[in-house]
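This is the structure I want to talk about, given as structure tokens.
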Amino acid sequence: MKLEIEIDGKTHRVDLNPAGEPGRWTVQLDGQPVEADAHFIRPGVLSLLLEGRAHRIVLDADLAEPALHLDEHRIAWQADDPRSFQRRRRHAAAHGPVTLKASMPGRIVRVLVERGAPVAAHQGIVVIEAMKMQNELKSPKEGRVAELRVMAGDTVASGQILAVIE
Amino acid sequence: MKLEIEIDGKTHRVDLNPAGEPGRWTVQLDGQPVEADAHFIRPGVLSLLLEGRAHRIVLDADLAEPALHLDEHRIAWQADDPRSFQRRRRHAAAHGPVTLKASMPGRIVRVLVERGAPVAAHQGIVVIEAMKMQNELKSPKEGRVAELRVMAGDTVASGQILAVIE
Amino acid sequence: MLQKILIANRGEIALRIIRACHELNIAAVAVYSDADRAGLHVLEADEAYRLGPAPAVDSYLRGNLILDIARRSGADAIHPGYGFLSENADFAQACEESGIKFIGPPASAMRALGTKTNARQVADEAGMPRTPGCVHGLASPEEAADVAQAVGYPVMLKAAAGGGGKGMRAVSRPEDLASAFVAAQSEAERAFGSDEVYLEKLIERPRHIEIQVLADEHGHCVYLGERECSVQRRHQKVIEEAPSPVVSPDLRRRMGEAAVRLALSAGYANAGTIEFLVDDDQNFYFLEMNTRLQVEHPVTELVTGYDLVHLQIQIAQGEPLPFTQSDVHLRGHAIECRVYAEDPDNNFMPSPGRIARLLQPGGPGIREDCGIYEGWVVPMDYDPMLSKLIAFAPTRELAIARMLRALDEYVIGGIRTNLGLFRRILRDDDFSAARIHTGYLDRLLAEPAPASTEHGPTPVIAAALFEAARPAVPPGNGNCAGTANNGSSKSGSRSGWKSAARTAALGGRP
Amino acid sequence: MLQKILIANRGEIALRIIRACHELNIAAVAVYSDADRAGLHVLEADEAYRLGPAPAVDSYLRGNLILDIARRSGADAIHPGYGFLSENADFAQACEESGIKFIGPPASAMRALGTKTNARQVADEAGMPRTPGCVHGLASPEEAADVAQAVGYPVMLKAAAGGGGKGMRAVSRPEDLASAFVAAQSEAERAFGSDEVYLEKLIERPRHIEIQVLADEHGHCVYLGERECSVQRRHQKVIEEAPSPVVSPDLRRRMGEAAVRLALSAGYANAGTIEFLVDDDQNFYFLEMNTRLQVEHPVTELVTGYDLVHLQIQIAQGEPLPFTQSDVHLRGHAIECRVYAEDPDNNFMPSPGRIARLLQPGGPGIREDCGIYEGWVVPMDYDPMLSKLIAFAPTRELAIARMLRALDEYVIGGIRTNLGLFRRILRDDDFSAARIHTGYLDRLLAEPAPASTEHGPTPVIAAALFEAARPAVPPGNGNCAGTANNGSSKSGSRSGWKSAARTAALGGRP
């Protein structure tokens, strides 16, 4: 099974071939052969033995936003599957009018501007609160509030688009 | 939703009716109404509030052999579904030649008789070992070894039929 | 003897108090908001009653409703934990008046010490050293300027009802005072419903060291040593330890005796903490008294061998303290890490949400007071503390090593946490050498984080294996809880679109 | 200083030693059998190597292979844990000869004390009281009869190489001696590969109390108080505690000093335990010395504040003991429960298999040294110990209450365990009053178990709710991790055959 795995901006070619016994793999990593003994202790928890070295690798959440915990590091990756292509496209498509995104999940406590209003750069747009911490989100640029997608009391997810400044 | 639940040999009629809000139920238990607030904390772990009393109820394994842990008790139940009918039939059908069942999961270390051999009551038939503990299984009655279903080295499950004495 | 205690709190501290109740054969009544129906404190309590919607004002701050639930459920006492109603003297008084024991000091003592300004007056009466400054709220920026002039800059503006750094402003230049005063007032008003602000001289590079006291209702009071709480981020404690590496037996005795004096002079009862600033010359200045159980009480329990919540309950039952000051001996060293749902890589933004994966540490010398479990959804409505991880060992050096070991075992997936921050602090030379003060952590965080190492082939291969098992690992599903299936079985188990897409993708390359 | 330690063991003790290594910045090498590939010790180690098939003779008892792995992996020491190779003097010697440090006593001391008969000879030389009887193996039933005659019945036959009650027979009448002798011999041969059996006078209703000693390689030796291990089932320890409720400071000192004398006279080094029988008149009799870390070492760690595995490693590094006898102080009370995979309702039959559900206790004063996790398949090839649950509190009474609280939090599903047995013991009046001896538990178990209470409506309603959620609860699946879906959604989610069957069933009744 051939895969491309992108970590820290580097893309690696991985070829996984079962090596007979359950859990044993012969891996070609960027052309280099590696013997791997992989065992899922429980869902998302992988015991991986590489030439004697023992690693505990834990899937952060699920494979929608793939990331793993290794030693003290949280490492995100992307694989060559349609979803990740889409994601890249979505990232690429962040042009045109600038969007204002929620910096954390939370509740909108105040909206400081009205739709259509002109705004200065760094002018406050909305105030979002979570876990007793308030956070004023400021306009990334001078312009006009083209869209205002939330109102006071709304609950928003991290990264959700709150407003569009054009 | 109507069910019959058998616990400790007593059968109870239970009628579960959703009470609007998620997790809220109006229960008719043997004709008596009870308000229940049920929430699965995680698979098999139930937080059950009955008129203010808080109970943590844990499914022992799965619903093939249904049992639950409540306070310090492990309580088995049977529900009115085909599988449990079958089980009852199977139990009921334990007549005729007497079977010798494994008292624990383990490995057969010795078989002490041969097929067809006559055996006295309490004569040793097989020796089974698990967790450094050996256990000699004896014939439940005088008779003849009609069947011998295991040999030394076999791994057996608890309750598995090892031999039939007739 | 108390028969049934209602715990007017949530999360790890509610669970910790429930456990103490069960150990003392006392029934525990939990209360919960809609966000906490699946909380551990509801699961482990003997009774549980709903308070209301998630926001604290609609649930855990509804003193009258809580008192009513206590009455209806037949509880004879209420333990407030920390936060929420724990320092609300009116609530304590309402409990007293309705014949329900409030497990904490009498309302009168809470009032005498409840605001920082009142407490500073009590300190003066008890002859306790405190920072120069005023002992009353400031009426205007002008009055603030006068006091600042008198004590000399830099100064600190503080909310009298404050805590956790809210309503605090350090001012080093007169021209900044007025605006800082207004800001502190409005923040105080928003956070505590009182805009009373006072001013004191700012101590340079102070340590935050606090003394745990226990007083029974018969006039006996002891101190249980100190806690070193200098590792703070924006005035929020992050790591606490006991004993303090810099407190000598003599300083401990002097601080402890001053703390006991203060408590007795205020007619204090039950558990309380006197916070001090200690400067480089080991002068100590009274800061405030917390009239409740502290978040960081476990480090004191581990080095003294006492159970503070047991003792709180015994004191509330009118029992005399079961030991005297001379029985109190410190042994070993304890460190506590406050595990928060916040993202150190994103300016410590809160990170509520579902805990998709949880691997918890354990074994020798590790205690975890924890309010979470795998699958728990961390609400956005309360403070971000998930858990308290505490390490105990014979020496500070070994306690640090043990904590690092436990942190390596600890994985929280699905939300971001500050677990990585603790590793950085515990490995820092200044922390190891105990060269810390309340500004230490903010300064450490101002330095560039150590560059993350090259990860090598391991994560790449691991990622590939997770991808290979992908059809078997939809969120929270169990099917891959074996070896990653390989060979024919695997290709068979891969979803159609996936293989197709991959084939195509591969076909597209030479 | 040691850089890398191979742990020649499995389960909770392997993990506990790995943790100590990490705390001391030493790399930990795990070895595993095919049954343990998914074991926690493999998961948490820095390196892991396969030994062979599940049976111990094919894996954890393969000394030469383990030594070879140690060499190849560059380990400079081997920690044997308990059981397996831990008391194998030949293995210890092979380690010494190949320049790999065996973390334990020198082979010579192990030989001197390794068999109970040898140990009794050493005891005599050290002037240590022991039970009357022989100090050599018995050649024949006739010789046994002579010795029995001399010391007087009742007597106890014991395997010289024995442990855990195997090869032991109590004999109260001369006519039973011969058959018991043969039985003991064959059982000893099977269990230990040696049929050496000796005989001693049987002490009536004795307590089993043992002294923990630590000796460095420079002739210093200290005792760390005693452990009370009288709660046994068929000579297998079930509950241990420290300190013993019946040992006075004077008796502790006399037993401790005798233990230290014995250890020094045998040229002992590292951690060891001297087991005694203590009769009602507080006479103590040497039983045997265990030349290794004990299963129950945590209770000693909790009351002394020391970490025995850290100290074992430091001693193995040639360091002198970091403290003297006068530094050793006991504080509080610790109790350990050995959680076994066995079925108390079915004659304590072993119960290996998959742990389908696991809820573990935690919080103040609770330590768990644990080798299991949810989903782990307990192998049938090793002893049935799953976990050690240890409770620490200021007093024995509170330690018992705390353990009961922890047991209430503990649920192990899918296999049977002895968790319920601990509740019964800890609530027993004789145990509370510390009226215990080595026959106590077998006698308690002979009494009818307390009749199980009427469960009331709760389990019925719970069972119905599990059934209602049935389609959502296939083994190990995650879909029901929310509220039990109700109303239309549920009926929709019920599988066809089920509803049909139910409809039919209901239709069949008036």
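As written, the chain order gives the labels A, B, C and D, with residue 1 at the start of each chain.
Simple rule for what comes next: a contact is a pair of C-beta atoms (placed from the backbone, for glycine too) under 8 Å apart; a residue touches a chain by one contact, two chains touch by 3 or more.
No experiment lies behind these values; they were computed from the predicted model shown.
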{"item": "A-C or B-C, whichever has more C-beta pairs in contact", "value": "A-C"}
{"item": "Chain centre separation in whole Å, for chain D relative to chain B (CA means)", "value": "29"}
{"item": "Inter-chain centre distance, chain A versus chain D - centres from mean C-alpha coordinates, in Å", "value": "46"}
{"item": "In chain C, residues with contacts to at least two other chains", "value": "44, 375, 408, 475-478, 481"}
{"item": "Of all residues in chain B, the ones touching two or more other chains", "value": "23, 39, 41-42, 45, 53"}
{"item": "Contact graph of the chains (line, ring, star, complete, other)", "value": "other"}
{"item": "Chain-chain contacts as defined at top", "value": "A-C, A-D, B-C, B-D, C-D"}
{"item": "Residues on chain B engaged by chain C in the complex (per definition of touch)", "value": "23, 37, 39, 41-42, 45, 47, 49, 52-54, 56"}
{"item": "Chain D-touching residues of chain C, taken from the complex the two chains share", "value": "15-16, 19-20, 22-25, 44, 298, 301, 305-307, 309-310, 329, 331-332, 362-370, 375, 393-394, 398, 401-402, 404-405, 408-409, 475-478, 481"}
{"item": "Chain C to chain B touching residues, read off their complex", "value": "30, 37-38, 42-49, 73, 373-375"}
{"item": "Chain D residues within the chain B interface of the complex", "value": "341-343, 346-347, 349-354, 356-357, 359, 380-384, 407-408, 411, 413-414, 419-420, 423, 452, 455, 457-470, 473-484, 486-487, 490-491, 497-498, 501-502, 505-506"}
{"item": "Chain C contact footprint on chain A (complex, rising order)", "value": "1-5, 7-8, 12, 14, 16, 18, 22-25, 27, 29, 32, 34, 36, 38-46, 48, 50, 53, 55, 57-64, 66, 68-75, 77, 79-82, 103-107, 130-133, 135, 155, 158"}
